[in-house]
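Please find the structures below.
There are two complexes below, and they share chain A, which is joined by chain B in the first and by chain C in the second.
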Partner chain A sequence: MTQSPTAKEPATPRRRRLPNLGPLPWIGPALLLIFGVVLWPTFEMLRTSALDISISGISRGLTGLTNYQNLFGNPDLPGIMIRTLVWVGVVVVLTILISLALAALLNAAFPGRRFVRWALIVPWAASVVMTATIWRWMLDTFYGIINRILYDLGLIPTFVNEWLGVPDVAIIWLMFVAIFVSLPFTTYVILAGMQSIPQDIYEAAKVDGATGWNRYRSITLPLLRPALLVASIINMINVYNSFPVIWAMTEGGPGSQTDTTTTFMYKLAFRFQDIGQAAAMSVVNFTVILLFVLLYLRVVDWRRA
Partner chain B sequence: MTASRPTTTKAPSIKKALLTGIGLLVMFFFLAPYLQMLITSLTPAKELYEVPAQYLPSRFEFSNFIDVWHEAPLWGYLRSSLIISGFATLLVLIVALPAAYYTARYRYRGRLLFLLLVLITQMFAPTALVIGIYREWVTIGEFLPWAGVNTYVALIIVNAAFNLAFSTWIMVAYFSTIPVELEEAASIDGASRLQVLRNVTLPLALPGIITATIFTFIAAWNEFVVALTLAQSPDIHPLTVGITTFIGQYRVEWQFLFASSLIAIVPVVILFIIIEKWLVGGLTAGAVK
Partner chain C sequence: MEEVTTNMTKRFNGLVAMGAAGLLAVAGAAPATAQDTTSIDMIAAEYADMAPYFDDLAARFMEANPDVEVAVQVVSWNDIYDVINTRVAAGDPPDIMNLNYFANFAADGLLYTAEEIVSAETLEGIIPAFRDNSKYDGVEYAVPDLASDRLFFYNADVLEAAGVEPPATWSEMLTVCEAIQENVPGVFPYGLMFGPEEAQAEFIMWTGGNGGRVFDGENWLINSAENLETLEFLQTLQDNGCTPPSIGTTNRTDGAWPLFAEGVVAMVNGSNFFPGTLESTFESDVNWGVTEVPANDGKESITLGVQDYFYAFKKDGNQEAVQKFLTFLYEPDNYAGFLDAAGGFVPATISAGEAMSSDPVQAPFIAALPSAVFYPSDQAQWPAVQGAMQQNLGTAFSGADKQQVLDEIQAVATGE
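Showing the complex of A and B:
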């Protein structure tokens, strides 16, 4: 955590070559973008959540906490909040567990490993909307290939089977796709963590007669802790914010029965034209994200950069 | 990454075969949806709506990839995606390069604060802020109509701002690894400051710069929520929003939808594979070595 005073600190003579305007010409434009485009909307969101805004977007002045009262009085909200909690929990936990297995596989040497790694990159690089859309098509009630496969395997009795129109079933498929798109990044982070573990620790354990699984449990897993923490928190933020998966597959429907607080916020604003209530929802969402970020800052040794 | 891979001494070939088998299954699992994309995009329109669904069409309709260009507004979507991602990337480089260089080289007052700000913005996705972003650009549009909602300018600036953090972070890391002595040696040899930057520093930081460039481009290329919110008229829709407008028609032309998707996906997958080995460090902001 401590600042190392060595190496990169240039001595004064080096400084002379720059016309000494200080850091502003160098970092000023970056600050302008951060303040103008990231922090201003944060402020604007807070302000809007306290305003009474007409459907046409005209502000009719302050309303105090009315938007928040409307939001928390919304009968759909409790269900959406519980669903969001389950959504983040299930997707992140399963993503981490599956990624641990995938990283172990990709860390082992076998012919063709490079191609498996490349395949894993595809869902990472591809647009999430497009990935979610192909899953939507594959899950189509009448024409989807999933129904055909499950029928051929004898798992469902007919070719026609509704998945995304039934809320309890749809949410499971949404989670499946959310996990599918989260696995590549998570696996790569864990893999990087595994490869930073010095080999001689394993050699020593081998000499002591530790079996493969024992070595994994007593060496790999504990040393992976930092990587796992970081991957978990980044995933929590991403999954909480995950909009395209739900939007492309169910738009949060039927009704709001597959909405999370993120898609619900969007609907409040652009379906129901209630910008004030949407802003209140996004303040709630933003607070949650902020907590995750604070957690991340505690976990990460960011000053080392 | 490749250097530290464990070398199992005389591993039995059965184990290797087993691993390869599992590897193949994993590979198939991750490629399957994109394979289905390819199959659907090559399916003749008549065969799309069959019950039960067929694994393969009776023949591959390769002309779908030609027809899509005039049957759907693909050119327009592609142009928008290129304009938004291209200029956002350019803006990020112009802004992040000097900031990263200065931050790596000098201990100025507020340096840690700047790094903290960058790290926090990296964690903020535009999704949580989209209501605020929308309101902001409505306001801006009242004063500067060429920069408000529904303009490329807004989309370019927002995409640049939210990708600035990653680029700054990864380039700070790269510049920090270049010894100051190298730059000094060059300037003692009579090179001007600009020559030092151009001939010594930038080439050495090139992997970082390329990673930042490609990553920003792909992130903007795939961005969805902001475009959905700020790009309301179809003529500035990028590909991500454009393909969703295929749906909602009475009969969705899935073959064209997925032909467009593949045209969007293939180039970025290749770019991604190029920068893969530098990505993780940047995305986890120095947390994983």
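Showing the complex of A and C:
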């Protein structure tokens, strides 16, 4: 007697579950995609980082945290970590500053503006590997056009001059190219932000007698804040993950003296033949990127509010 | 390009066939046919443009053996390590591999023994010294395909203009360098290359002439006093301006060799196939000569021997086909064609070796072989050590502490 109500109860959720399954055919492919290209690889990455993998790439079973111990004991790692930080910081800050100027220029009306806007898209449209490879040969010690130009201008005593083989100099050139390829996207994000600022605010400020610089500082910059934040964080993620610029120009060399954590991860697997340690490195990279993404989501939320 | 297309087509046909077979199996319409043909695939190293040779070889082989299907993919030296690593790690190794190391795969129990992949007759025809270098833990797992060794190339015109003979010792090396700087300005005396392509080779040759070794048959000796002394001597060469500036990033094929071919660099280390490269790839008219790599005063010069291999991965039912194909490749005419396509290497078979010792270009290289120190490619750890040497030795010339550089590589070797 007391059983009959309890026995009935499951029937209601069951009936309810059916309509809940309704959207499944529509969201199913998306769920599969998320599982297949996000969750499963993440799980495999975590698992690999805990495996003992031979030089041939054969798993010899679980090894706990050994790969992480090896990674954090790697004498090259501290330098690479610091370089990665400087790399992301310098490239993102300079990209934003230059893009602000470029966006202001493109926002102004002048004859031929359309062509300048087109020209700015070129570094974006061109493959990054291609751009980086061209720079690598322009900077070549013996055959580079840059050496030739500097020599013809009398700025260097011989046309044989090393750029990419000297770590401290190479990293500056890498940053230069990374900024160069980041500019178009950033400029367009900021330009879009600028064009969304209503003109009447400027007119009102003009009537009140604000100078050009004042208008820029008190109106443009504050109202650009959302665009700037989004551009910064997306750039941080892109620059942190940036592989082709460094790989095409120096392969992180000499040694690991121009590596960031991203190129080092690849190098651990394919040059040092240590897949376990590379997996540990990618877990660390993944964590950092996750933090950036969380930051991005918060910023987007904040914008909506 | 044509090559790629044919391979793609083959693979596509294979997929279609597999799909069709699957459908038939599901429908149960066809009787279960015994698998008539065995398909094997091989990854071959790109010594030169090898594709035409292998296309022809595979076609002739398949005509004679309709029950075997062979697909050969020729991969450049730049990519071949990534390709084999990825395929083995993914559990899909090729049936036959052509590379300069094998011991790590043997250590993981993935390989057939040499006896299992070529006929006994073929194996007996291989030069015994090369067979000795094809063992892991006393068992022969690989069949040598060819070998090379290195000598010291010099630009005879530059040395004559500088009024010096080719250097035989380290101190002569410094004198020759000075003479070239004085009399032939604008020419860099020596093309030292410690970029990631060949750092390990350059290092082993120079330190070998100082009595330094990387491995002595039992122990790794990378951070020895002799090896440190060698790096310090090479640093002196750099400090004296005897080398181009970017030692740590100078490679062979896009670095020191073209510079030698253009006469910008007066001396460089090169292997058997360098004369051919100078002539055909660089179309160079440099008047070159060869001599031994200079040794430290009072020490013996060595040459670096590099031996490459064919070996086969264990897979169900592939052994017979593999053995047939490799044995076919080693038939004298086919093997001569292989050497010809590769261009300027020391043959691995006794008969081809005898034929080549009368070749004036190759004779000095064959004469130098007895003093050859080989890569310790019979050590399972070697691929990792080679990677560490290629990556890190160059940093010794861009400010890193030399002892520390050697210690770190030693740590990779000993796994500490």
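Rule of thumb we're sticking to: the second predicted complex is superposed on the first by the 276 of 305 C-alpha atoms of A that agree within 3 Å, B and C clash if a C-alpha of one lies under 4 Å from a C-alpha of the other, contacts with A are read in each partner's own complex, and residues count from 1 in each chain.
Basically, a residue touches a chain if its C-beta (ideal position, glycine included) is under 8 Å from a C-beta of that chain, and two chains touch if they have at least 3 such contacts.
Predicted model, so just to flag it, every value in this text is computed and none were measured.
Chemist: If you stack the two complexes on chain A, which partner ends up touching A:F142: first (chain B), second (chain C), both, or neither?
Modeler: Both chain B and chain C are touched by A:F142.
Chemist: With both complexes overlaid on chain A, does A:F270 touch chain B (first), chain C (second), both or neither?
Modeler: In the superposed model, A:F270 contacts both chain B and chain C.
Chemist: Have a look at where A:V160 lands relative to chain B and chain C in the superposition and call it first, second, both or neither.
Modeler: After superposition on chain A, A:V160 lies in contact with both partners, chain B and chain C.
Chemist: Have a look at where A:G57 lands relative to chain B and chain C in the superposition and call it first, second, both or neither.
Modeler: both
Chemist: Does chain B (first) or chain C (second) touch A:I289, or do both, or does neither?
Modeler: first
Chemist: So in the superposed three-chain picture, is A:A126 touching just chain B, just chain C, both, or none of them (first/second/both/neither)?
Modeler: First partner only.
Chemist: Applying the touch criterion given at the start, work out whether A:G253 contacts chain B, chain C, both or neither, answering first, second, both or neither.
Modeler: So A:G253 only meets chain C here.
Chemist: For A:W173 in the superposed arrangement: first (chain B), second (chain C), both or neither?
Modeler: neither
Chemist: Count the residues of chain A touched by chain B and by chain C, then name the partner with the higher count.
Modeler: For chain A, the partner with the higher number of touched residues is B.
Chemist: Please write out, lowest number first, the residues of chain A touched by both chain B and chain C across the two complexes.
Modeler: Looking at chain A, the two contact sets intersect at 57, 142, 160, 269-270, 275.
Chemist: Under the definition above, what is the set of chain B residues touching chain A in their complex?
Modeler: Within the complex, chain B touches chain A at residues 1, 4-8, 11, 16, 19-20, 22-24, 26-27, 30-31, 33-34, 36-37, 40, 48-55, 94-96, 98-99, 101-112, 114-121, 123-125, 127-136, 138-139, 157-158, 160-162, 164, 168-169, 172-173, 176, 180, 184, 187, 193, 218, 221-222, 224-225, 228-229, 239-240, 243-244, 247, 254, 257-258, 261, 264-265, 268-269, 271-273, 276, 279-281, 283-289.
Chemist: Give the list of chain A residues in touch with chain B in this complex.
Modeler: Contact set of chain A toward chain B: 8-10, 14-15, 17-18, 22-23, 25-27, 29-31, 33-34, 36-38, 40-46, 48, 57, 102, 105, 107-113, 115-131, 133-135, 137-138, 140, 142-145, 147-148, 151, 159-160, 180, 183-185, 188-189, 191-193, 195-196, 199, 202, 226-227, 230-231, 234, 237-238, 241, 243-244, 247-248, 262, 265-266, 269-270, 275, 278-279, 282, 285-286, 289, 292-293, 296-297, 299-305.
Chemist: If you look only at chain C, which of its residues touch chain A in the complex?
Modeler: 81-82, 85-86, 88-90, 104-105, 107-108, 110, 194-196, 244-250, 259, 264, 380-381, 383-384, 387-388, 390-392, 394-395, 397-400, 404-405, 408, 412
Chemist: Note which residues of chain A are touching chain C in the complex, please.
Modeler: 53-58, 75, 141-142, 160-162, 164-167, 250-251, 253-257, 267, 269-275
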